[in-house]
Structures are given as structure tokens and as C-alpha cells.
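Shared between the two complexes below is chain A, which has chain B as its partner in the first and chain C in the second.
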Partner chain A sequence: MAASGSDNAGAPDGAPAHPSTAAAPDRRRPPRPPLPGGRFARDGSLAGQIAKIGLLGLFTALGVWAVLPLYLGGNWLGIGLVVAVVGLVYYVYLSKRAVPAKYLVPGVLFLMVFQIFPVLYTMSTSVTNMSDGHRGSKEQAISAVESLSVTRTADSQEYVLTIAAIGDPETGELVFLLTDREGGTHVGDTDGLSELGGATVEDSGKVTDAFGYTILTPAEVNARSGELEEFAVPTGSGAGIRSSGLSTAYEGRALRVYDESCDCVTDTETGVVYTADDERGAFYDDEGGRLPQGWQVNVGADNFARFLFDPAFASSFFSILLWNVVFAVAVTGLVFVVGLAVALTLHVPRMRGKVFYRVLVVLPYAMSSLAMYLLWRDMFNTDFGVINQILGVRIDWFGSVWGARVAVILANVWLGYPYMFLVATGALQAIPRELGQAAQIDGATPWQAFRHVTLPLLMVAMTPILVATFAFNFNNFNAVWLLTRGGPLFSDNSTAGATDLLITYTYRLAFNEATAQYGYAAALSVMIFLIVSVISVMSLWRGKALKEMD
Partner chain B sequence: MRIRSAPAITGIAAIALMATACTGGGDSDTEGGSAGGGLTIWTDAERAEAVEAAADEFAEANGIEVSVDTVAFEDMQGDVLNAHQAGNAPDVFIGAHDWTGNLVRNGAVQPIELPQDKAALLDETSLEAMSFDGQLFGVPYSQENLFLMRNAELAPDAPETFEELVETGTELKDAGDVDEVLSMAVTQEGDPYRMNLLFTSGGGYLFGRDDTGTWDPTDLGVGTDESIEAMEKVAEYGEEGEGVLRRSIGLENDAALFYDGDTAFFVAGPWNLADAQEAGIDYEISAFPGFEGGGPASPYIGYQSFFVTEGSENSALAEEFVTNYVTDTDFILSLYEIDPRTPVQTEALESVSADDADIAAIAEAGADGIPMPSIPEMGETWQPLGVAQADIIGGADPREAMEAAARTISEQIGE
Partner chain C sequence: MSVDTVRTAPARYRRGAGTRFGLWATRLGWRHVVMWVVAAFALFPVMFVVSAALNPLGTLSSSQLWPTGASLDNARDLFANTPFTTWYANSLFFALTNAAVTVLLSALAAYAFSRMRFKGRRVGLIGLLVIQMFPQFLAIVAIYLMFSGIGEYYPAIGFDTRWGLLLVYLGGALSINTWLMKGFFDTVPKELDESAQMDGATHAQVFFRIMLPLVTPVLAIVGLLVFISTINEFLLASVFLRDTDAKTLGLGLYQVVASSRNANFGMFSVGAILLSLPTLIVFWFLQRFITEGLTSGAVKG
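For the complex of A and B:
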């Protein structure tokens, strides 16, 4: 074993200095250890330089590609971030000083992009009311309220529309050339409607030529879609002629108007005033009625508080949590016991046809679990399922609480034990048989030999795998969703099912037919993350203790 | 070259590469913008071919480019909403009419002014179904509704009432010709879409309507006496009663029961037609019968529709496409060829019905149908109502179950 003195060799400043660099100390710079790669890294081969140029160029192109949409969206923080990352990469790979960083930067960047950013995003979503009807900002909600309320006025005219411009088709002022039902032609601009004389009109009512106006092609019109959407020919009293497609126009009016001074929306038809409620993120009238379009607001810890303290949600949450733990423990435990038992059986040296049995045992593991779950679902069917038919019983598997729970555990043990068998077989083969034999010579029964000699050695290798299996099953979405979809559900609490795991419950909240509640689902995800982390860390810590004891 | 300058050279070269990448990216971008090219349409794979053909024609007529992307139908609504939020939504997409309310409250679709001559060609109910707050939000082209598919060899006559259906089915079952009286998917979580047939016939209702015929979310019918009585009637045929309706029949086995000849009656939709023909069953289509002395068994009607997203960069072309091309008879017929559904455009329906007896029969079976409510509150009803209905069929007390469902729904709507 190494002497304790070299234990801090990993620390950078404790690293033994190379004699040659140490012998020539620079006054400004502290003595530095030689770079890995030595002279090679300094000069660099031509191919290396070219590869470096290529990779840096590619990375920069990636950065530019990322900046463009951010620039269009006016997201300066995002641009700053991208520039900083690109700058950092340039600094790290062009400087000779940041050698360890050269190895660390790619990994750290990937960790940030694929791990930390999603977690932070989920966390930031969890403190908002983000859900259907509350997805965007208040400005978006207001513009949706106004633009979606533009309706055709009661006695409105419908016109055949030709879109034209004064002068240049790309920049000239937009005008509408309108043909009414009687065949009269008008020209409409932002000032209003006036007569148009001397235009050539097709049978369809489309104007093909008018003096002083450039008729736009569909592609030219489309290029100015944004302008067109804002464009209306005023016809008095708040109404205006708007386009609908390229060849029709109608007189319409925005029924709902936002007023900044009172932060409210007035419905001009019914006279109802909807006032903005910035805590709930929607416009409400006096009677509690709301406009459908709302916006995202920060709700702080409300989402967490709801499932921890609101009696209705809390009872669902804690009963699901309890079942979730029971499920993960039961599946992990049974899978371990069954897998180990089979492994021990097939470990007997005199056994014949071991390969054949091993292939048989591993079969479930080799098949698609997705298809297997669906197959098991059909096998558990009360009236048509194979299981009830073979047993000659009528167990309501998926309709009763414990029937469904047993079914889910059974199917998952069947699917999971081959993996545990494979791991246990490997671990068993690493334990010298002599140890067991020695114990037997000492007078131990086979059970005692297994319990006190083989099992502890086995557990050293198996503990981390058991922890991983537990964490996996804790969030094993497919295992439940494909079999029971979290059911059975009962009418007295139809959101939380008897076999629901936290993850299936979250999924149902976020993505079922009802309102998608992303904020609340994100809060649950954060809770799951915390629970799994705590359990895993604790078990691994205990596993480590086991190892040290050994 | 001095060693010190090597990093500098590398940096300059990389920046030069970046510059080329920059202009390259910029070029393609401006191309897309100035030509006004990219009208993007999202459709599901089944209809992609027909939509592409129409899109090509449209592109040629207007001198622009149109790209058609396929998205799974069940993911369409969520994908459109997410893409809209991220600012890269398509300009036009195909969806179901009952998404309208949710799309509108997320501000993801824009109202469409359909010229009166085009609107006159479409079924009026379909336009009402596509409307929200008095505004039209999509152009419908086809409809679908549930119907009764029966095995004409086993049951030559269409039953007039549900009781008659049960009687015929039970006789066949007692004679050993079939195993099941009726194949109607109930599922463990309930299926309010199918159950609506018996629910409305028994007098139940989901939402009331106001004077103008629009759905009134404040008038929730789930916990009312009428609805409870309707479910009591349904319960007579449940697992504790006659055993005609059972939770063990779900979407994974309902069709198979009929195709295998294990039942003479099957609650089917247009999506089952192709398989039924392949199974070689001598089937007939008729309206699903209601209870004796009860109201008509109304199937929900779902409309397939083209939507224009709000804030689309090509809104002028998108509007032009849905108002003028989607309402075109030839286009609707070409969609029908590829994906047979009942057209809502009168001319197209007439031409299809003349050749296709199934479509004519399905349209007739949908005569008593009501459009599925498209208000956003509808989304909150599916799960609680379905669970209550499945619970009742499994033997739960109808009053307790329906009242519990009503409580859950009103709580969720109130949020």
C-alpha cells in the first residue's frame, strides 16, 4: 500500500515539480509542471493544427447559428451567454495555460446543456402557473384577446380584394383595391375608402390593372404578411376593412379592447369590463368570469404547497408516494431474490445443460419490454385474459386495488429478474469457491456458508446495482402506464389511481386530455428528483460503509 | 513562424471559417424570407399525400414554395402549442374541432373569415362546431361519428331499440353462436365518447346550451338527476346487471371480438372500416339504437379541420390556402380517396355517397349526432366522467359516482 505522505499527490500545488522547470524559476511566474504531451503539444503537428482550426470553426459556426434566432428574438442575455461560451472555448484552446481545462471544458459544457439546464428549467417552471391558457406573456395574451375578437360587423360588406402598393412592390405603401358586390371599385388605404376609377376588372372581381398602383403577386403580398395583419381600412366607429386571404376582404371590428390606464379589457358588445389579475394571470370580470387567454405568472411555492398541504392533493400525493416506495422496494427486492436464487441454482457445478437454462432465463430480458407490457396487460384481462382462463378464476385484476398492484409487481418481476440473474452470476463467479468449501470444512451448513461468506462478498458488488434498480423502478413509467395507466381510478378521487407512481401521476397532470398543468407537474418532478437523490445517496453511503467494514 | 503566433493563426483561421459559415447561413435565410417561400403545413401521415398534392398546386398557382411536414395526429395539438410558443409553428395544420377551445385560449390559432359563397357549401353545424365566442377558427372538411356495425349473417335486421339489440344478442349468445352480446369499448377508465350514445338516450347531458346554441360551461349536467337516471339505466346492463357492458372490453380488443365473429354487434367508427373489409365480415352499418321510449342515441360528431396559426409569417397565403383551396370540392375528394371520411362539403358528400354505401350509411347514422363540445372546459370532463361511468358499469352506485365526478369537474373548471 502507498504511504500516507503521497495521499495529496492529486492536489495541483502539491504535485512534485519536475527538476528541469524547477531549476529555472521565473520571477513573474511560479514554477510550472510540464505540460502533458510535452513538446508535441507546443508546436503541434500540421494535421493537429488543421483539426483544431476546423473544430474551432465548427464550434463558432454553431455559436453563430445559435445567436441568429436569439438576435431576431431580441434575447440579449442569451446572446451574451453564447458569446461568453464561445469566448471561453477560444481562450481555453488557444491559450497554453489552461491545460486541465482543455480536458474539462467539453464534459462540463455537455453536463450544463444536457443535465443542469433542464433541471434548472424544470425548477423555474415549477414556481409558475404555466398551463394551458397560461403559456405566454401578458403582452401575448392581450394581443391574442384583441386580435381574436375581430369579427365581421352585422351588416358588413364583403369585397373581392386585390392587394396593391403605391410604387415599389416591396416598400411602397399598401392599398386595398376592392370590388363590391355591385361591381363598384374602391381603393382603401389607412385614411379610408375612396372611389377607384379606370381600373381593369376581371370577371371574378379581381383588379388586374389600375393606374398609379402596382398590383402585388401572391409572393410579394406574403412577404409583407406582417404589415398586412396590422392593415385595416378605417370605415368609422372603430370598424375597418381587413383582408382574409389574398382575394377577399370584409368589414370587421375588434370587440374587445385593452385599456392600459385601467389595465383592463372592455367588451364593446356586452359592456363587461375584465380587469387584469396579475396574481392569477388572467382577466376577470366582477362575477369571476374570465377571458380564455391568460398569461404566465410567478406563483412562488404555491405548487409545492398545494400537494404538501392542500388536504385533497396531499392525501393523493402521500398515498401515491407510499405506494411508489412499496412498488420500488417490492420489485427491487423480489427481482433480487428471484434472480439470485436462479443464479445460485445454475451455479451448482454438477448441473447439466446450464447454457440452455441460462438462455431460457435471459429470454424475457432480450425481448422488448414495451411489447411485453402490452402482452401482460392482455393476459390479465378479466374476461379474455389467459391468466384467469388457465387458473379458472375471475379475478378482477385491473379493476381492484390489490389485484392491479399485484399484477403490476408480478409483470415487473418477470421482466426484471433476468438482469439481476446476469449480474449475480457474474458476481458469484468472481467469488472463489474455496471460501465456501473452507466454511463447510469448518462445519458450517450450506445456508450458513452462503449467509456469512458468499452473501456479504456478493453484496459488495450488488449494492450499487440494487440502488440503481431501485432508482430506476421508482421512476419506471412504462411499468405502470402500459399495464394499468395508473388505474384503477375511482370516481371519488379520479386523478390519483391505485397503481399510480409519482411519475405517472405527473404525466397525467401534465399531458392528459384536461388542461395541461406544466407548473404543477414540474413541481412534482422536482419533488421526485429530491426523493430519489436522497434515497440513492443514503443507500450508496450505506453501501460504502459495508465495503469499508469488509 | 514563431511558436507564439500559432494560437493566433489558429484563431484567425477559425474566425475566417466562422465568417463563411455566417454568410452561408445568412444567404439561406434571406432566400427564405424575400421570396416569401415557406408556407409550412403540418398534417398526419395518412393525409400527407393528398395535402401535398394540393399544396403543390397551390404553390404553382401562387409562385411560392410550400412544404408539408408530417406529425402524428395525437401529438399535433401539443406540438403546435409548443412550437407556437417557441415561435416556429407551422402556418397551417390539420386538427380536430374539439381542440378549438384550447387552441384559442392559448392564442395559437387565428380567426378565419370564410367568404359567404364558400361557407354556403359547408354543413352549417360543422361551422358552428369550429366556432368559439362567435368566431370561426378553422375550416372543416370531414366529419366522423360512431355507428353500429352488425354482422348481417348473425343479425339480419338492424335493431330499433337498445333492448331489441340486447335481446337479439342474448339469443345468439344462448344459442352458442357468439360469446358476447355487444362489443362496446368501456375500458377500465371509461370511454365517455362511446358512452355518450347511451348517456344521451337515457336523458343525460354533459353541458347545457344557451339560447344561441353555444355550450354553457356553467351548466354542468354530470351530477343532475337526469344524468344519474341515465346512468342507472346503463347500470342495468353493466357487470352486476345483464353483463352486456363490461370493463374488460377496451380499445385493444373491441374490434377483434367483432372481426373474429365473437359478437354480432360492434360500436364502430369510420377508422374500423378498412379492417372490417379485410376481415371478410358481412357487415351492415346503422345508427346505434337508443333505449325504448328514450331519446335518440346521439353519437358525438368530430370534425377534421384546417387551422391557421396566430402570428404566422405567411398569414396571407395561409388564409388564402384554407379559404380557397381547402373548400375546393376536388381537394376534398382527393383527401377522401386517401383517407375515407364523410366530407362536410355538400357537393363532395353527394358525389362520395353515390359511390360509397358505407359513407352514406355513416352520414345517416350521424343524423342525430351532436358536435363534440369544443369549449376548453370539455377537457376537464373526460377523465372524471369516464372513471365514474366505468365505476358504475363495474357496480358502483350511480348517484354517488356521478355526483363525485361532478364535484371533481367543477373544481377543476373553477381553477
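For the complex of A and C:
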């Protein structure tokens, strides 16, 4: 930056700063071949340079902000990544060569971090048993098993306890701020105990302020009491710290102790031995009972196999898949037919009130679809819904399988046809009217002229749009979730519903079940990806979009 | 289907009133009937939501297709009983910021893809199409797990924050939008920017001063599409924004009807209209571009 800024200092108006011409900027030079090393003239105006310095400075500040917490957490890999990204950005914007990269880097950075990385992460999660009880490593599971079974013993050390969180009091990770008898302060989390420096402690031993931690109020503690019950600080071989009430904690011995030699956990009270099963990621006893704390293991293709071959899951998976296809085909087909029919109806030269009709007909497209889905849900209400009122019936739309499916399709046709109408209108205008007329002069009926002349021409333009609409509806989460939440649920499998699409099914498995099944949900995502890619690649192949790419 | 014979029709019209009406009915009359039916289909949910918004009782059971009264009680309730303005501000923040930044990021990339030839260009373009087949919300599990980690290090971009969700949205900035823009950029004659370079403009000046003003229509369309889809985005937002005050209007309305459907229907209706308002306004101003954009997209295939 410094170098390019200096040799451009005398040319604020954007003159090229090639060493030979910078000294004598002449804006009416005859055309010359592109400069070596770049397609464009180099270096920008003074304002451009200042903007560049400012943005790079801002970016550096962001990098520093990003490094600080990583440094405190000792995450050297993270620091390396941040430094690499900052370095890359510096290289790209200070170099005179990487011109295309200057334009691609901002978008590509976002794409890498928030799209490509999550996709890869989804794929790696899909071959694990990751779920609520299986989130961490085996070591974490062992320390959780031990510390959660900690009970008070005669020689237990007591601490004054302050309950705090890292960051947000409602969602941040819980920590114990502990004051021992000598007045020393410690901080304990699920990884263990460490010294806490610089905390403000009142006479009772309660911590009132500590850098980086938010002290919870009694109400906030109460809101997280469920989490607190399962919270313990491991303090080394078989010992741990648990809370006793809101202001005291004790260090005790674990009832359940892990023994490395047999890779098992023994319950010292009952004598039951739980042996580690490294394939299933949990400790099992002889009768098949297991400890709730498990760990994440690679299960290979098990998740995929489960919904393809396990009868209980496979039947609901295939019925959802079938309905998903029917739904996407039906909605795409119907919006196409209705949209095209409306476009054809208006496609006459002497029709009065065209603009008026157009505005009315396109209205659903201009409303917020999210709000309209919720509105349709209420219009289908059995007792008070306006649809039953108009029809004078009492149909339980969302209570029956086919009622719900018809309702979902109807609402989506209402929202979707105006788009097809707009597209079809445009496509019709591009087809010369003379073609249809010529066919009629040759003796074709209007229908024949449409069927054999207009429609084939129309389809050339409409096919890519139809493919895109199909792909959109295939994964149209809102269309189903906001109307029926996938229901009514099947009686034989309470996690799958009659109107569920694969994407709503995935969402329910991951976020709306008692135990979140991340691995299984991720496997479903990958399956959807495969299905949609096959469809898209086939259609792209036919559309020749890739071949014509310049 | 073509009815261009109408152009030669006046001669036949003169034959008599009966035939004249008959002709009108077969040529144009039925079209008006069809359009009235379609317009009624398009309008009745909108009429119902307006009527329910004005309904003084504010319940679903008392709502009719025709307004039976007019009161602003529902609007007052909505403002008084829910953090409506916060929700609305959140929605507009996401939609506006995401639209603006997405347009900028994808225009930058489209410019490079359209005007420059470099190693990896073809791979990049195909890559964008492929990654597009895996929509971001399919990776929702991974994004959730990823941000539970990020939130520990950076609470400022963790769950329940605006910036975190915005970052996720921006991950999808380079996508089919870039293709759409590249197609449009390709139609701008190269001679324009080449002559500007001859006059000594830098590539940045060519981009900001020559390209961008010429491609305004496609910028407007992409901005509109991103704006609309962000306003209506539910899946990512619902995983990200759990705290009541952090919600978008869409999530908020969902909560309003989830808690008590029948009783809150009037409030919901007011909210639904207000949520549609930005879309309606943007749509109205950009209508010209929309038809143009969709049409050119359709015809080019």
C-alpha cells in the first residue's frame, strides 16, 4: 500500500501510475496495449487509496478483535486461521497482480465460512451418533459421569459459591465462581478448576464482579435450574465439585469411578459395572442398561442405513419422500397451469382493464408469504375458518391426511401462480403473433395453433423456470411448517407427519424433539442434497446451461 | 388461442346488435368473467385479513370476509402487548442490510466473472451452481452446532444477535444471484469499459463509475428478491433468535398466534398487513424492473 500510494501521489485524478507515465500524466494519450502484469491500469485515485487504507485498517481491527478471545481460550488453531485470513486479505489488496481476487475475496470469504464449511460439517456430522447425550469426547463423558455422581463425604471441602455464565446470562456457558476458606478465588467449568484473578469478593465470600463472567441473579439461576442439576466441576481422579443450594458448593468423591484397565465405570454403591462400548459411544451394563452420558463416535453409514432399511424408519422416510415429490410436482404443475391460463386470458390486444386485472392478480406475490401462510392456516380452521364458512361445511382440514394435503397445495397455488403469470406474460410477448395467425390461416383451430405452435415455443423459455420452481418447492420449508407443522402425525411413528417434507422432518428431528438427533438429521440433509443434485444436474444437462457458459 | 381476428372484426360487428354482443362475448366477454373469478381468488384472503384487522372483537371466530366494524383496537393491542416495533425494526434491519450487502458482494464477483479471465474462473462458476444445490438451511444442524461454539468465543455474534444471523445470511450472497448478474453484465458492451481504461480509469473506477450505473435494473431485481426472501425467512431465524426481543416480525407473529390462536387473530392480522407493507412498497416501485427482469431471464432461458 505504501509503495503504490507514494508513486501515485501526484496523480489524484486516476491517472495510471506506471513508473514511466506517472511523472507526466496525460489523459489524452493514444490507446496503448494493457500493462504487463495486469489487465487494467494500476493504482487508484487518492480517494480510492484512502478508502482502501481505511477498509484494511477496519479489517485489521476486526482481526485483533477476533484473536483476543481465541488467545484467552488458548485456541492456537483459531488464531492461525484468523492470521491466515488477514494475511490473505492484505496480500490480495496490496498486490498489483491479483485483480480478480480483489473482487472475489469478500463474497468468497463469507461463502467459505458460512456455506461451504457448514456443508462439510453437515457431512461429517451425518456419520456420527451426535445427539443430545453424545456431544463431546469420551474423556468429557467420563468426567461428566464421575463428577455428576459426586456425593458429600466427611472430609469434603466447602466453598462459597457464586453462579455465573460466560456472556449472556440466559444462554452462556455456566461456570462456578468459588471462594475457599483461605479467601482464594477459583473458577470451575466442566473442564476443571482454575485460578480466578482480579475478582471482587464481598465479606460473605460471594463474588460480585469478575472480568469476563456475568453473575446470575437468583431469577436467572432459577431459570437454569435444570442445567445446574447436571453441572459439576471435575477436580481429578474421581472427585468433583457440586453445588448445594445457591451459595455453597462442596468437593466430594464420585460414586461412579472410571477404571482405565478395564475401560469401565464401576458404581461403588451398587457394584454394577458399566463397560465402555466404543462403537455405540456409551457405557453399558450386563443387562443392556446404559449411563446417560455418552460420547460422539463415528457410526459410518448407520444413519443412512437406518432410514433406508430399518422398517420402522424406512416406511416413514419413503412415504415422506413420496409426498415430497407429489407436493413439489403438484404445486409446480398447478401454478404453471393457472399462471399460464391467466396470462393467455389477458393476452389479447383489445382487452380493457388489463392493468387493473394485472394488479389484482399479482397481489398475492406482493404480500409477505410468511404472514400469508399463517393466515391460510387460520382460514382452514375447522370451527371459525372462513373457508368452511364460505363452503358451508365443517371439514377438519388439518386433522385428516388428505384434507391437510389439499389445504397445503391450495395455499401454495395461491401464493405461487402470480410469479408464473408474470413469467408467462413475458414469454408470450416474445413470441410473434404472426406464428399463431399463420397456423390459423392454414386451417388450425385456435387450440391446435396453441398446442402445436405457441406452447412448444413457450416451453423453451419456461422449462428452466419450472425446474427452478420445482427445486424451490421441493425444499419449501415455510410452505408446510407454517401451515401444518408437518401434521397430522402418523399414528405408527410420532416423529413423521402426513404433510412433512424432508426438510421439515429434518428440522423436527434436530430441534423439536425431546432429544435432538443431530447425526440423523444431518444424514437426512445429505440425502436431500443428493436427491436435489441429481434432479438439478439432469435438468442443467438438458438446459445446456453449462455448455454455453462463456 | 390467438384472437387477432378481432382486428378485422369491425366489419362483422356491423351485422347487428345480437351478433355483436355474441361476438364480444366469445372474443372478450368470457375473458372478463375468467379474470373476475381469478381476481376474487386472489383477493379474498387479503380482504379477510384486512377485515379481521379492523374487527373490533379481534378474534378469529368473529372475523368475517366483509368488515363488520372498524376499529384500531387490534393495532393498539399489538403495539401495547408485544414488542412489535422491536420486531419490525429487526425484520427491516435484516432485509435491508442483507439486500444491500448481498447486492454489493455479488456485483463485485459478477464483475470479475464477466470481465476478467483468470485461472479457476470456470471452476468457480460451476462451483457456485453446485453449492447452490445445497441450500444453506439444509446445513441448519451444522450452522447451529457451529454457532453454539462461536457464541462462546464471540458473544457479539452468537445466538440472539443481529450480526450473527446476518453473517449466516451473507454466506449465501454469492449464489444464483451472481449468475443472474453476470448474465446481465455480459450484455454491457466491453468497449465501454475498455475505452474508459484507455482514458486512464482504474479497474475500480470502471466498476463503480461505469458498470454499476449501467446495470441498475439487475441490481434492483436482486436487491428486491433478497429483501423479500429475508423478510420471509423463518428456518434459520427460528434457530438463531430465541429471545423475544431478538425476534423478527415473522417469528413474532408466529409466536402471537402460537400462544392463543383464536383470541389474538386480530392482532396477528394487523401484524400480517404491516409485515407485507415493505414488500408491497418495494414491489410497487420496482414493478417495471421485475417484469423486465423475469422476462429477460425467461426468454434467455
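Note that in this section the second predicted complex is superposed on the first by the 321 of 550 C-alpha atoms of A that agree within 3 Å, B and C clash if a C-alpha of one lies under 4 Å from a C-alpha of the other, contacts with A are read in each partner's own complex, and residues count from 1 in each chain.
In this section, a residue touches a chain if its C-beta (ideal position, glycine included) is under 8 Å from a C-beta of that chain, and two chains touch if they have at least 3 such contacts.
Every value quoted in this text rests on a predicted model; they were computed, and no experiment measured them.
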item	value
Contacts of A:V150 with chain B and chain C, given as first, second, both or neither	first
Which superposed partner A:F318 touches (first chain B, second chain C, both, neither)	neither
Per-residue touch tally on chain A - higher for chain B or for chain C	C
First (chain B), second (chain C), both or neither touched by A:G73	both
Which of chain B and chain C A:D383 touches, first, second, both or neither	both
Contacts of A:S247 with chain B and chain C, given as first, second, both or neither	first
Interface residues of chain A shared between complexes with chain B and chain C	42-44, 69, 73, 374, 377-378, 381, 383-385, 511
Footprint of chain A on chain B - complex, ascending	3, 6-11, 13-18, 21-22, 25, 29, 33-37, 39, 61-64, 78, 81, 85, 87, 101-102, 104-107, 110-116, 133-135, 188-189, 246-249, 252-253, 310, 312-317, 319-324, 376, 379-380, 382-384, 387-388, 390-392, 394, 396, 400-402, 404-405, 408, 412, 415
In the complex with chain A, residue positions of chain C that touch it	1-7, 27-28, 31-32, 34-35, 38-39, 41-46, 48-49, 59-61, 63-65, 105-106, 108-109, 111-112, 116, 118, 121-122, 124-126, 129-131, 133-146, 151-155, 158-160, 167-168, 170-174, 178, 186, 197-207, 231-235, 239, 242-243, 250, 253-254, 257, 261-262, 265, 268-269, 271-273, 275-276, 279-280, 283-284, 290-291, 294-299, 301
Touching residues on chain A, where the partner in the complex is chain B	42-44, 49, 52-54, 56-58, 60-61, 63-65, 68-69, 73, 90, 93-96, 132-133, 135-136, 140-141, 143-144, 147-152, 158, 163, 217-226, 228-229, 242-248, 250, 252, 292-294, 374, 377-378, 381-385, 396, 398-399, 484-485, 487-495, 508, 511-516
